[in-house]
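For reference, chains read A, B, C, D and E in written order, and residue numbers begin at 1 within each chain.
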Amino acid sequence: MNDRVSAWSRWVFLALPLIIPLIVITVLIAVTNDISLVQRASTAMILMVMVVGLHIFSGNSGVISFGSVAFAMIAAYTSALLTIPVEQKPSLFPDMPGFLSWIVEFSLPVPAGIVVAVLFTGVVAVIVGVPLVRLSGLSAGIATLAFLVVVQVVVTKWKAVTRGESTMVGVPKEATLWWALAGVVLAIAVAALFQVSRNGRRLIATREDDKASMSIGISIPKERLVGWTLSCMVAATGGALYGHYISTFSATTFGFALTFFIVAMLVIGGMGSLTGAVVGVLVVQVLSEFFRTLETQGLGPIPIIDFPGLTEMVLALILLIVLIVRPSGITGGTEVADWFARRKSPESSAS
Amino acid sequence: SSGDTASTEDTAAPAESSAEEVVEEAVVDEGASGGVEPLNIHIVAAKTGIISPFDIQPAEAFTMAIDEINAAGGIAGQQATVTWTDTKSDPALTTQIAEEAVAAGANIIVTTCDFDFAAPAATVAQANNIPALSLCLGDRKGTDLVTIGPMSLSPSPGNAFKGSAAAEFAFEDKGWTKAYVLQDDLLEYTKSLGAYFKGRFTELGGEVIGEDVFTGNEQLDPAANVTRARDAAKDADVIIVPSVVPAATTMIKAIRDAGIDTPIMMPGGAVDGTLVTGAIPDISEFYSLPFACMPAYCEGDPNPQVKVFADAFKAKTGIDPYLSYAVLSYELGKALKAAVEQAGATDGPSIIKAFETLPPTDYLTGPIAWSETCHHTTGRQQRVVEYQNGKGKFVTLITPDKIAAVDPGNPCEAAQSS
Amino acid sequence: MVESDRSDQLVTHGLSVHFDGVKAVDDVDLEVQRGRITGLIGPNGAGKSTLFNAVSGFVPLTAGRVVLGDKDITGWSPTRISQHGLVRSFQDTRIFKTLTVLENVELGAMNQGLNGAKGRDFAYGILELLNIKHLALESAGNVALGDERRAGIARAVATKPDMLLLDEPAAGLDEDETAELSLTIVDLCRELGCGVLLVEHDMSVIFGVCEWIHVMDSGKTIAVGTPQEIRTNPAVIEAYFGKERS
Amino acid sequence: MYLQYVVDAIGTGSLYALMTLGLALVFSVMGLMNFAYGQLVMIGGFSIIMLRQQPWWAIILGTILVVVIASLLMERLAFRPVRAATAMTMLITSFALAQFLQQAARVAFGANPRPLEQFSELSVQYVVGDLFISRQTIITVVVAISIMLALTLLLKKTNIGIQLRASTEDVDMARLVGIKSNRVIASAFVISGVIAAIVSMLFFATRTNVSWSSGESIVLIAFVGAVIGGLGSMVGAALGGFLMGFAYTLLNALLPLELRVFADAFLYTIVIVVLLIRPSGLIAAKGARV
Amino acid sequence: MSLLKLDQISITYGRAVAVKGLSIHVDEGEFVSLIGHNGVGKSSTVKAIAGVVRPTSGSIWFKDRDITQMDSGDILRMGIAVVPEGRHIFTRLTVRENLVVGATISRDRSANLKNLDSMIDRFPVLGKYSSRMAGLLSGGEQQQLAIARALMSSPTMLLLDEPSLGLAPLIVQQVFDLLKELNEQGVSILLIEQNAAQAIIASDRYYVMRTGGVISTEARGGDQVDVAKIEADYLNFGTV
């Protein structure tokens, strides 16, 4: 990157090449008014919020987290509890424990519910993060996975508050394509800001070499905690949006399947780069929607493939091939911004 | 259009709305009597993923019913179309597919057998005033008129009914007075079956001498439960295992391997059929309560129509029905025709109203009906099947006298108690 | 770092580090003064790097104390120690490989609050000093070994330490580069006003820049003194230089 | 009864220990946490069904053969190309592979669980005083201990073991000293496949069905066990797997009824605590210094 | 006839050219050193010979066979052993196991054992810590292990990339003595060294390399060479 550019312009280079095309695509899709296209785009962008959230921590710190879906779940449930219409609450939560009985007595508008849910999730993230950020490598992966299991069990079994195995219903279904777009734009903006910030750069240093970063005064737990909290809050935004988008969900919605799917999209896009997070979601979603179209409508000369499981199999195979052909992800861990920067010769910018 | 009648207020307070609806009914009937459009039925159920084993055969049976109806001239003279899109057992995708179905002009949405996976589609249907007919959902929440709304309806009698029926069979027919309940807490389905069994059993004067719980997923480790059962179930007349396959059969096998010979009963129809006889070929002293006794694994169903259905199903799909759930959705298909023809309209509220007022009819396994308060079926003749040496045998028909009073808000409690 | 806060010396008292059975460092008293370059030499495996690790907080002490200025820093975390002005380089560089050389140095500069354009100018200055400015925008993992080592030193220097611990900075440099580096170290010591503790096997560097030399063998101190004294110390010759040199 | 619980727990623990060994061997060889390992167990299950008409020894040999071939193919086609990639990429590759195999099994064998009754003689119980011990438990314990010792010896004492470990650490350098890394790593997959085949026979002996989803969840516990035990040694891995199974069964046995449904939450909370206390596992690998 | 011959090889990394058109050779039984400033491409050359990186053009011949595209294991089996830059010892193997692994290509167990004993003789520290994880050794100790490991394969040709890096002066002397001794026993040597004077004196012949891998000097080495003059030359040639 050019040495003259400020952090601000680095942010612009990082975020805008991702944000602008997304806005353009969204507008084009909205104009077609094709409900199924709108649906697919909304789902993809909400997932993208979660993937970008994961990237903020895992991508920059190099520490695996399988826990981000747990935070999405916490936020989805929190926002649901806050926003379900007051009239429905008594019948949905007849056994709400005393100390939470106030929840039954009011309901917030959805945007407020999402904001409160994200803030609350942030608090949980800090509490969980303080011990967990001390772990690295597979230990961190397993510990975050364990946290996911714990949250899942609690959500599944704490029937009075979460409706247990029963699905959460009555959640206002308000999230639209535009909400999803707003979520993604916000997520990318935040992620890019973090990446060019002092904290973000320090976190990247700890990813490269923990000992060396300590030797120049970087506190690994502190930097990780900042990244972790931010990451969980962005994932939480995705989770809350998801909740208000599908409007009925249960703990299994936020399970291992979603977790691995999100991690896979990050890796396929190229771990360590924000561009990778965005590209990974796009590629995987476009592919899987392509196959779903084949399955339900056929495509031009290709007839409907009505063989349950076949398209999933082929999709998994294609993802496998992508990984084999490009083990470091589609972007190889570079940013769009790097492609601009590479044009300039090092000599000219160093002088 | 006339579909606007069901508003959110109605959803929240179903009891007081009934009077209004009677008034509106006339309006609806008048407005729609002009002619019946062809039905555009969308099945939003899984062909793949974890719930698919429960969805596939019922969806096929439903399609078969509609095919038969079409061959015989259609619904009110119109050919109905059926489209089945795979939800892949994914709730988010389910929402998406349901909305696509609405956009494609569906007038009926058929949802999956499990509440968690059906709810997203049912919610969309409700929001658009389209009937959300479940293939075989047994959970109260799917049909209580409140959780989803009045558009949702199921051909199943519900878990309250099944659990109560099982308790009455155990206590009255078999004279079992001491039960040990080994509860699978994996699903709302398994939990409510257990709860209703216990409720009715103790109401009748039976005693639950012990309880235990397990989670019936793939990593189930039955050892501790079996060890405990060996001790605690010594005096039990019956061990109740409300669970689903494959965990249920793993647990039953472990109990038998441990040398415990006490009768075992599943108070519902999900652990049944070839899923049981295939897995434990020499299973004995096992009882279940399916909706029909399918000839492939069970002899003696009193209704000859069951064999006709099973043969037709085999002829259509190439495999025997491995569970009895297929009969439910088959009956649903037949009842749908009756309802539309009675309503003389294809808008959601009219069809639902017609379902509620259809007279009890024997479509396949005995007379069934729905009512304004209960969107599960009433009057079902639940079968009891006994397995000895790997063979199933029909024992008796049972319709419970009374639904256990364990869940105060259950709108079917009064409707189903005779 | 505020000027008046600066620590004037680093002292170890009876420092020992044992690894199940191996006495890597054994009862070492060492003193490094600010503004002066102290050499630490000894045969391979003498315990020099371990002493670095102990002082900078990377391995726990078995016994003894480490005092930086007026603070007892025994048991502090590496982060805290480096924030208090004691910064070390690594024998195997530990450069941030996927970052550019410049970014490596900028990260060092952040330790004393230099960020943004200020940090970058400062970093360029240090790269210039170490003669690797032309590599500023290269990925640090792609530069040749000698350059990588200089980048590592630059990164440590950018933190503006009070005490700078350099582990074999000249390894992998050829003779004229080594000579140049020696001069740079002297400059650094003078300009930054820091104390330098230097581990090096290249005697031209040690005798060229050190005012004071500490010699270890098998974890123990075997000699301390001026370059003249050490050069002729028979124990040091025996253990370290080899007979040919004398 | 408490003693009986301990016996039960030892049985479960040993099965997971065995599973973890197969996982840990591949990890120690190429730093790969093979999520698709569970699918090998599933493949084992289906091959038992396919071979059900054969005599028992043919089922055993056939299953081992099928699973070993599957394991080798995995290595050759999916993992070799990503060997140089990050641990994360390898993990996700194995995840994609697992998905693929699951769906392939779904296509090949249908959505429903397939009944399976082979090896059910293994669940015969012996009565020793007050205790019931199944044949399966005894065999599992014996097999797990022998395989653990055999693998430890293999890795520590034989040339191939040393070459295996060398290849893990630095494939380029291993080539430079003349190690045929491809062959060496493939041999680890063969062993891992044999273990998976044995696991599948022992595991399905107590089950009644095999389905396309059979392999998914069991691998998770083994996964966690491997990390808790510390991936540095076979003993550590086996210990970790064993403790997971052991603790799981004991929690199920000893928690009061109301808390029993939270058993998983307790187990995984313990996992987190253990990791916080010993981040690199109970038996940590040595070899890293500053 | 040369034993090892590099003919016009070029090596590039992405867009960066590390070596361009380099031709050098080592004759049978010869001790040749290759010196040059930082980053001129010495290590890249070694890696190309060893088969770790592939030259973009040119060819490498050993014992009259083209080894340019050969697998590094096969190159070793032909008799070329490498002490790589940065040691690359196997940190999670014990010291002894590192040595054993060095003898992978030889099936003669007794010869290997003898070899192992003689290495431990040479480098006593390796004997002292033989059952310790190699990653725990000090830098210089690891360097000694890397040299010893390469010798375990009884090579006919030895490539050494800065073997004296991190070694104490006394040990450096020992290593040079060892190299001379091996050379006298018929092992051909290509040595890369920063310690130019010592390398030149030890070798029969030396090359000075400049940026981009161009050879600026090829001259005779040996005891009688005027080191001061060479150093002066070297400085001149090295400065681009």
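Here is the rule we go by: contacts are C-beta pairs under 8 Å (C-beta built on N, C-alpha and C of every residue); 3 or more make two chains touch, one makes a residue touch a chain.
Quick caveat, the model's predicted, so the values are computed rather than measured.
Number of steps on the shortest path from chain A to chain E, with steps defined by chain touch: 2.
Where touching is counted per the definition, the chains common to chain A and chain D are B, C.
Of all chains, the one whose CA centroid is most distant from that of chain A is E. The geometric centre of chain D is 43 Å away from that of chain E, both derived from CA atoms. Per-chain Cα centroids separate chain A from chain B by 37 Å. Centroids of chain B and chain E (each the mean of its C-alpha atoms) stand 77 Å apart.
With centres taken as mean Cα positions, chain D sits 47 Å from chain C. Shared interface positions of chain A, i.e. residues touching 2 or more other chains, are given as 157, 211, 308-309, 312. Annotation for chain B: residues touching 2 or more other chains are 47-48, 52, 185.
In chain C, the residues that touch at least two other chains are 49, 58, 90. Pairs of chains meeting the touch criterion: A-B, A-C, A-D, B-D, C-D, C-E, D-E. Taken together, the chain C residues at the contact with chain A in this complex read 56-58, 77-79, 82-83, 87-90, 94-99, 102-103, 106-108, 110-111, 115-117, 120, 124, 133-134, 136-138, 155-156, 158-159.
Chain A contributes residues 1, 3, 6-7, 198, 201-202, 204-205, 208-209, 211-220, 272, 333, 346-347, 349-350 to its touches with chain C in the complex.
Those residues of chain D lying in contact with chain A across their complex are 33, 78, 81-82, 84-89, 91-93, 95-97, 99-100, 103-104, 106-107, 111, 220, 223-224, 227-228, 231, 261-262, 264-265, 268-269, 271-272, 275-276, 279-281, 290. Put simply, chain A touches chain D in their complex at residues 64, 131-132, 134-139, 141-143, 145-147, 149-150, 153-154, 157, 211, 256, 260, 263-264, 267-268, 271, 307-310, 312-313, 316-317, 319-320, 323-325, 327-329.
Residues of chain D that touch chain E in their complex: 159, 162-163, 165-166, 168-170, 172-180, 232, 285-289.
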